[in-house]
Structure formats: C-alpha cells, structure tokens
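Chain IDs A, B, C, D, E and F follow the sequence of writing; residue 1 opens each chain.
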Amino acid sequence: MKILIINPNSDHEMTGAIQKTADNFADGEFEALCISAPGAPEFIETYEDAVKAAPGMIQLVRENEDKYDAFIIACHCDPNLDVMKEITGKPVVGIGEASMKIASMLGHSFSVISSTYYSIPNKEALVRKYSLQEELASVKSPADNMKELSDKEKYLYTAKSAVEKDNAEVIVLGCAGMTGLDKLLQEELGVPVLDGVVCALILASGLSKYGVSTSKLRRYNAK
Amino acid sequence: MKILIINPNSDHEMTGAIQKTADNFADGEFEALCISAPGAPEFIETYEDAVKAAPGMIQLVRENEDKYDAFIIACHCDPNLDVMKEITGKPVVGIGEASMKIASMLGHSFSVISSTYYSIPNKEALVRKYSLQEELASVKSPADNMKELSDKEKYLYTAKSAVEKDNAEVIVLGCAGMTGLDKLLQEELGVPVLDGVVCALILASGLSKYGVSTSKLRRYNAK
Amino acid sequence: MKILIINPNSDHEMTGAIQKTADNFADGEFEALCISAPGAPEFIETYEDAVKAAPGMIQLVRENEDKYDAFIIACHCDPNLDVMKEITGKPVVGIGEASMKIASMLGHSFSVISSTYYSIPNKEALVRKYSLQEELASVKSPADNMKELSDKEKYLYTAKSAVEKDNAEVIVLGCAGMTGLDKLLQEELGVPVLDGVVCALILASGLSKYGVSTSKLRRYNAK
Amino acid sequence: MKILIINPNSDHEMTGAIQKTADNFADGEFEALCISAPGAPEFIETYEDAVKAAPGMIQLVRENEDKYDAFIIACHCDPNLDVMKEITGKPVVGIGEASMKIASMLGHSFSVISSTYYSIPNKEALVRKYSLQEELASVKSPADNMKELSDKEKYLYTAKSAVEKDNAEVIVLGCAGMTGLDKLLQEELGVPVLDGVVCALILASGLSKYGVSTSKLRRYNAK
Amino acid sequence: MKILIINPNSDHEMTGAIQKTADNFADGEFEALCISAPGAPEFIETYEDAVKAAPGMIQLVRENEDKYDAFIIACHCDPNLDVMKEITGKPVVGIGEASMKIASMLGHSFSVISSTYYSIPNKEALVRKYSLQEELASVKSPADNMKELSDKEKYLYTAKSAVEKDNAEVIVLGCAGMTGLDKLLQEELGVPVLDGVVCALILASGLSKYGVSTSKLRRYNAK
Amino acid sequence: MKILIINPNSDHEMTGAIQKTADNFADGEFEALCISAPGAPEFIETYEDAVKAAPGMIQLVRENEDKYDAFIIACHCDPNLDVMKEITGKPVVGIGEASMKIASMLGHSFSVISSTYYSIPNKEALVRKYSLQEELASVKSPADNMKELSDKEKYLYTAKSAVEKDNAEVIVLGCAGMTGLDKLLQEELGVPVLDGVVCALILASGLSKYGVSTSKLRRYNAK
C-alpha cells in the first residue's frame, strides 16, 4: 500500500518532519511519501494561501491517482479537502478532520492547539463544518508572553492551560508543523495528544485496506 | 457608488441577465457592472470549478479595489467568498448568503430552488455554514420528468412543490442563472421569491453607504 | 419612498436621536420619519413594557399602512415584531434582527452591547430566536464600576472588552438609545460597529424598493 | 391550595370544558378555577389575538396574586407567558411548555396535534423556544378532507397519522379546546396522550406545594 | 398512591435523608418509601457503579410493580433510567431529568451543583441527552480550597459562584446526597434551588394521578 | 498486536461471522479474536439486554487487559461502551461509533440500516449522543412486506430506499449480524457500505499502534 501525503505548503523542513512521522508510524507496513504541492505558498495562514495551494494539490492527485492508494492533506485547516474528495476515487483524508473525529472518541471534549491567534476562528469554523462543537473544549494559541519559548514549551504550556482551564480531556495538535511533539506532550500532560498526520494515516491506510472511499453519489461527484 | 458584480463563470448570457437585473434594481441610483472572472470555467457545478474560478476572482477584486465601493459574488454557492472577504477592505456580499439571510427575515422557513439534483448537498452544506438549518424548509431541484419544460415552468413547479409539500413560506432562487424569474414566480406562488443578485445589491449598496465592511480582526485578516 | 420608524417608547430625546441617524443615512434618497408609539411606556425594559407598547404600535401601522412603504421597530429587543409582520403587507424590520443578521455577514462572531445587566438574558433569548448562537461571541453590559462614565466611554470600554476577551469581530449596539455612537466606537475599536437603526434602514428601504415583503402563507397570516 | 387558570380567550364553552378537566384532576385535593381574561378575543389564532389578550391576563394576575397560589395560562401557544412569569412571584405555568416538556420524558419523540394548518409554524417556533426540536416528531393538523368529521375523529385520525408516519411515541393535544379528549384518544392509539391543562396542573400544584417559583434574578425581574 | 424511591447506592444515611425529604413533601397526601437497591454499590461515581446497581434496581421494580404506582430513581446522574422506563408500565422518573427540566421552566438558565469535579462531564453528557444545553449556565463542583467546609457552606459558595459568574438563574442540586439543602441555599441565594427528589415526586405523583406513563411504542418497548 | 472483539450476545453464528470478517480484514497483520461475553443474552434488543450483557463484558476486559492491545464492542448500539472505556487503559472501540464517524468522512450524509423497526429510536439516540444528527440521512429498517426475503435482499432494498428517498450517500450496516454483507451491497448500490466491525478494527488497530487510548482525566476516570 502506498499513501501520498500532500503538504500544501512549500516548507521543506515541515515536509521532512511529516515524512519522519509517517515513516515512524508506517514502520514498514506500508509506504508513505510526503511531498510539497508544486507552486505551494510558504505557509497556509490565509484563505488566499489555500487558494494558491489548490492547483498544485489537484495536479499531484491527478498525476498520482494510479500510483497511490490513498491521499492525505497534511495541513490542519484541511485546505481544499472537498475538491480533493471530489476529483479522485481514492480515499482522501484531511489531518484536521481525522484528528478531531478521533479525538471525539477518546474523551469527553478536546482542545485544538493552534499555532497563531489569527487562525483560531478558522479552526472554529472547521469544527462547525464537522459538527464537533459539542465535543470542543477550546481552540487555543500560545499567549503573547510565550514568544521566547521553544515550540515544545510553548505548545506544552498552551495545552496545559487547555486541560486545566477548559477541561480538555484530549489535545489535538492543530498544525502539521507540530508533528513529532505528540508523545513529548502526552507524557507531560497525562492525556492523549493527537498528531493529525498519524490520525490521517490510521484512517487512510485503513480505508484503503478496506476498499471504501468517498461516495460519488452527489456532493463529491465530479459531474 | 459603484458596485462590481463578479460572475465566477464565463457564461456571457448569464452575465448579461445579471447586468439587466442589476440595472433594473439600481434604477440609476448607483452603478453596477457585472463581469465574468477572467479564466472562469463555463459553469460552477463542482468544487473544482470553484477552485478554477478563484484566481480570476481575486485578480478582479485586486484590480478594482480602488474603483469600486463593494463587490458581489454572483453564484449562489458563494464560491471563494471567504477569500474575497479576506483580500479587500471593501464590502463583499455573496448572493447565497444575502438571499438566505434575507429569506429568514420574511417568513417562518424558506426553500432553495436548485438547478440540479447534484448541487443539493452543496447547498445544504452552505445552509449549515450560515447556521440556517432551523429556517430551511428544503433544498429542491426540478424532478426528472420536468426536463422538457421551460426554465420558468420547471422552477415554478419545483417552488410550488416546496410551498405545498415542505411548507416553505419564502422561495430563494438558488442559481444566478435564474435571475429575472423572481417576479414571475412570486405572482404565481403568492409568497416572496428572492433573487440573490437583488438581495446582494441591497446589502452591498447599503453597507457601502453606511461605511462598514468585513472585520479584519482575525478570520478575514490578510495577515 | 417613505419609511416609518416606530419608537416603542416615549423618550423624545431618543426619538430625536433616531431621527437624526435616519436623516444622516437617508441623505435625501428616501424619507424616514421616527415617531413614538401613542401610549408608549417611558422605556422598554421589561416584558410588560413591550405589552404596553403594543396597542400604540399596532395603531401606528394600521393608520399609516397606505402612507408608508415600510416600517421599522426601533427598539433592539424587537418588541412585538411578530405581530407587526402579521398585520401589514408592507415590510417590517426590527433593529435587533437586522443588526445581528448583518453582523453575522461581516465577521466570525459578534457581541451585543446591552445597556443594562438585566436585559442580557432577553438579548440571549432573541439570539436563540434568530438561530444566531453560533455567531454570537457575547452579550455584554457595562460593569458596575463604569456608572460614572459618559455613555460613549461606558459602551466603548464594554465593547473593547468584548473584542479583547470574547474575541468579538463585530460589535452590535444593543439599544436604539446608543444610536449615533457607531462611528465613534468603530474608529477606536478598529472593528465594524453596527447601529441597528441604520441596518434596519438598509433592509427596509431595500425590501421596499425590491417589492418583497413578509410571507402571508402561514406564520404571519392575519387569518 | 388555589390555582387560577386563565383562559386567554372569551369562549365560555372552552372555559367550561377546562374547568371540568381541572375539577376531575384536582379531585378535591386543591381548588382550581378557570376564568376568561377580561376583554379577551374570541380565539387566540394570531399574534394580534395574543396582544389583545395581554391586558386582561395581566389584570387577572395582579388582582388575584394574593388569592391564588399559582397561575396557569390555558392556551397551547403560551401567549404572554414571559410577561406573566415576570409580573408575579407566584408560579406561572403555560400548558404548551408543561405538556411538551412532560412529553419529552415519556417517550423518544412527540407530536403536537394542532387545530389548524395555520398555527403549525407558531407551534414550531414554540418548540424552538423551548429547545425541544430533537424530541419533536411533528406538528400536525387535520387534513382538509376531515372537515366533516367530529372533533374526536378528526384529532384521532391526525394523531394516528403522527404515530404511524412520523413515529411519534407521545401525543400532545395542541389546543386547550381539545381538553377532555386525552383518554379517548389514548385508548385508541395505545400511546400516552397529554392534555396540557392537566400537565400544567401537575406542575403548578407541585411547584406551589414545593415553594419554588420563577427566578427573579434577571430575565423575569420586573425591575 | 404509593411511590417507590429507589436509591441506587447503599448509603443508608442518604436513604434516610431522601425518606425525610419525601415525607416532608408528601405531607400525608401520598405514601413514598425510599429503599436501597439490593447489592447496590456504596456510591454511584463511575459508569461501573451504575452497572453494578442495575440488577438490584431491576429486581426492585419487578418485585414492586403491582404494589407501587410510580418509581423514582434517586441518583442525579439518572443511572439505568432507560432500562427502568422499559421494564415497567408504571411511570419512572429520574431526579436528574425531573429537576433539570423543571429548572428550565423557572428561569433563563440553570447551573447544576455537582459533588465532585470528576462527575462534571457525566452531568454535561446528561444535559446533552436531554437537549438542555441552551438552558445550561454551568455544571460546577466545589473548589479545591473548600474541602474543610461543611456541605452546606461548600455547596452554597459553589452555587453563589454559579449565580454570580455564570449568571445561573436557577440552581439544581446535582446529587441526591444534597437533599434537604434546597431551602437553606434558596434563602441565601435568592434564586430557586431545586432538590431533584422533590421535583421527581411532583412528576411521579402527578403522572400517576393523571394515568399516563412511558410510551411503549418503540424506544421503551420491552419486546 | 492482538485485538479482542467482544460479542455482547451469545449467538455463536454471529460470533463466527464476526471472526470471519475480522480474519479477512486483519489478513495476518494482527490477531483478532471474537468471543461472546460470558452470561450474555441471546440478542441485544432492549436496554435490559444491554444491562444483562454488562457483567460478562466487564469480566472479559478485566481478564484480558494484559493479553490484548485493544478491545472492540461488536454490537451496533454500542452497549456499555462508556463503562468499557472507563475500566481499561487500552483503547476500546464501539462498532456503532466507529462506523458512523467514518461514514461522516466519506459523504454528505449516511443512513443506518437497522434490523428491526423497534431499534430505530435507540439508533437515533446514539446518533444524538455522538452529535451526528447533521450528517444523518435516516435510520431505516426493512418494511413489513420484506419478511420473506433473504437477509441480503432485505437489507439491500432497505439501503436502496435510503439512497433514493433519503439521499443517503453512505450506508452503515446497523447490526453486527449484518457483517459480511458490505461488499455485496456496495456493489449493487454504488455507494460506500460500512461494516462496523471493520471500521472498529481500523480504529482499534490504529490507536493501539499509535499508542493512544481513552483519556483518564475525568469522564472515563475509574476513580
């Protein structure tokens, strides 16, 4: 089984980190390759960044439909996920949808740790799209006074606050760039911490093995 | 006041019909120009069509930001509306959002008349996005046996069924291509029938005159 | 076009302030007259105040149905709005409904600034009636320690707190008595601030020009 | 204990029927008197009827606050219930709220049998006000072809259809005028059938005996 | 009329306190007996405790179906309420459902005072089950620094905080073990305070007197 | 990796069918054993059946916690799932939750095919528990006139009706007893058909491999 993980941005360091996470999880049982979408913007922070990433993402899926068994969109705001589900018969999994739906199975409520204050409403809009408001404790980004801290510390303290103040029982890492921090944080926090890349690999590999994919009846019919 | 109406598709007949509707409503009180987005697909039926329309829509807004006071997206599925709101400081109104929110003020519940069976779930997803599920009676498209009928008859019978079977108290024309049918249907049905283009003109001209626009605090901040 | 703005209370200063706001916005393009409902109570603070205002409001609409093209109810708790929509074929717009639905189009979430702590639950009940809970950041009234401040300062600080603590991206002035403060607050806060009187004028003038009004099918049928 | 049942309309036959139901249920354990509100309209079909009934209802509560232990509003659309809760320290129970909340405790979902097609949306709005949408199977009125039938037959067939087609597990009689039909219908249908007058008596007598009443903290504070 | 109150735990002191509350409320008008379920666990804190209590609860209902007119489950998390409603034709009332639904009739929003921090999510899950999220202000347990205080003080301060910080207009005692504290707290707080045992007695005695019980159509059909 | 699949009923044929499905899916990559809970009832049709199954299910988990890496509850109404999640540190997956949450990722809306008319409300209650109402098209059981048909035909026609009349884009097999029918139905219907056993295996094996499990913070803390 071969899974193509599409990084909608052009940050090679992030692509490398996702690849490492995927290799660790796949552990030789399946192949997973992470590549940047051609022409991708440096980051996916805005709606315009998502628009800019779309053509390259579509191209990647089209060119690789025969070579891969499933696709993963490795940005936690699930950019262009609907169009990805529409243009291919193979399973497509967004790391946002995968991680938040799995989080809803592991505890009473979850918090999403967001990298920036600006992306909080977009995450909240995503939570509404997936009808997960009842299970959401909060979407949280590091406080202003954490700027000097390391990523690990910054996200750890933010997650700690989500657990203690918002009663989050599960933590979702809200950016593909946080990949690899899950176990470090889980150990400190004592609650499950989910890396969207791994959650998406669980579902993408499982769906592919099962032989089910997106329904082509109406919403995701390419017409 | 000058309002730019962006037709996300390249159907010149539709652009012309929208222009006519706009001229009729503006009645000399403000200017409204409808143009197709450069590079637009023939129709907006799929998520991919929406992706293809995006670059031209962004270009139009960027090139015209100084020349126009407000922008309207004239496709009832409000394609790329979030990115449009993000990239400009001028008001941007989608004909889907405008018509459905106005519909919720005119009666207990409304039905959206959709041109095709395939677009029903996308409309339902839009209704959820705008939290209008409680006010929605149904989304309906013409039945298979109506194929031979004229557009007017097809949408009239579909709307009649929405009124009689789903108890819709207001009808929303669910496609910019239906522009101009509102008064014909309203006369026959005896309930308000809303053309999204007019609804968007009401709001776009009003917001511009008022001097308010999209909040740039977080969700629509271009960063 | 002539719009009658009904002030459900008997506060002449407020009637005057609303008239001034209406004149400023209308700017000669249409006529708008604000008058107090005959027999109106001094304030609309309680459900009983709303009951007391009803007969005069009904009388005003009945006596002026032929002379005006649309009616506005200029109290932010939209008292007796359902009966107003029922008894006339002309459009009726409540400043609460108009301002909150427009707010939902301008940002991720909005806060309503309420004049008193006691009216907060009534506003929340109104938000539920209009199914706007998902878009509501908060309903807020000035803190106890603000009693000595001017109205402008009081509502500015309250709105500032809504923006900073509740992440409101849009501010709705929650009382007709705040009319005229919108631009002052907007300038200080940097987010859209909506005066319900203006929002209702946008919709009432637009609906009248469009020739649509309340559906008489069932809910607002006078039988 | 003495309970005053306020019939918001002036239909003496209905007042008599409610009195009979109340006497049967009270069975000597408490006193219950049903009277029409002074100046009440003949029926409560429209929002305007509710407005017309309000002054007499308020007068009745004010004049009888010291003489009675609790008040019941005996019209299933709960007209003016908020203002009634506001103006007295004694418990006030609406037959709509009481019957629908009790219905939600007796089965998976309930249907409300409405006397006319026109009142269906008003009932649905009431269901939303009480957040009972999840428990509602349907609101149903007799079909057009039932006009010649007796009340009992008409409502029985309507309720039967609610049970069989909408899967209602509990039936709520949606008009005080149906009082007395509960046991007849229950016997035929085999599911619980609730008379709002009895449901309100259960709660009004219970609350009075318990010594709790409407909270005066904010929403129902008379200021 | 005879009502059997089932205490799902084996705490005799609690059984005695419930009996006292029941005797006070019944006041000779009906008989109410509280007994522990045979084989009941010491407390109902966990899902496993609820499972352990089930066989004894079922046995009690089965053995007493002919002797009692209604049953009450006297634990505020309503353990095994669905199965109780299923196995008997007599009314069964949970003190959680009864108190929270009555609370929703007495004010804009209510808070549930929970004995421990651990039971908060279970209460929230119960609130969702009964679709009462819109009416919930908060679920609150005593803060850590209250451990030394008496029960009365602990719950009073917690309820006070719910009123002042969460704007609760009604307080629900969230554990049968708090029975008897209602009037003490109500006097101090000035808002209605509900003891679930009394609320359940109001409904159980009322339903029994009325002659209605759980619908056996589908959800609670014993098959 | 070893996964224990607990069949809460004592139907050996069903246990065998589940084992076969598990073996087919596991395909040698992990071990999966399906066994009946000791003392299990013949079917899980009622709430009492679920209660009866609980002690054996708890015993199985306790006895096997060290020997297995994850547990699956193989009854589509997810009986006793909360207590299972509470008593073990290993992942526990219900086939109802797994299949319905995966279904929500594969199409606009899903229908659950239920074996009997009586279990429909229980399924609907489960859908509410998991906040999946927005994604639910319908819960459907075979019509009365299908009694003579084979299981395959019965469920195929029911699913066909869900697709054609309720616009379901994904079908969920609503009983472990339907295991093995997924591919047969999928081929005929042209939409994804999900077997809960496989969906649960995807998640249970994935979670175990990932090293995350139920949060023990509050809701599922065994205290």
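By our rule, a residue touches a chain if its C-beta (ideal position, glycine included) is under 8 Å from a C-beta of that chain, and two chains touch if they have at least 3 such contacts.
Everything quoted here is computed from the prediction, not taken from an experiment.
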item: Remotest chain, subunit E as reference, centres from CA atoms; value: B
item: Remotest chain, subunit D as reference, centres from CA atoms; value: A
item: Type of subunit E:subunit F copy interface by residue overlap (half), same or different; value: same
item: CA centroid of subunit C to CA centroid of subunit D, Å; value: 32
item: Distance from subunit D to subunit B - Cα centre to Cα centre, in angstrom; value: 42
item: Mean-CA-position distance for subunit C and subunit B (Å); value: 26
item: Junction residues of subunit B, two or more chains touched; value: 108, 120-121, 125, 128, 131, 133-134, 167, 169, 218-220
item: Chain-chain contacts as defined at top; value: A-B, A-C, A-E, A-F, B-C, B-D, B-F, C-D, C-E, D-E, D-F, E-F
item: Residues on subunit F engaged by subunit E in the complex (per definition of touch); value: 45-48, 50-51, 54-55, 58, 80, 82-83, 86-87, 117-118, 120-122, 125, 128-129, 131, 218-223
item: Subunit B contact footprint on subunit F (complex, rising order); value: 108-109, 134, 167, 169
item: Subunit D residues touching subunit B - in the complex, by the definition given at the top; value: 120-121, 124-125, 128, 133
item: Subunit C residues touching subunit B - in the complex, by the definition given at the top; value: 25, 27, 29, 93, 97-98, 101-102, 104-108, 130-135, 163, 167, 169-170, 183, 186, 190-194, 198-199, 201-203, 205-207, 209-220
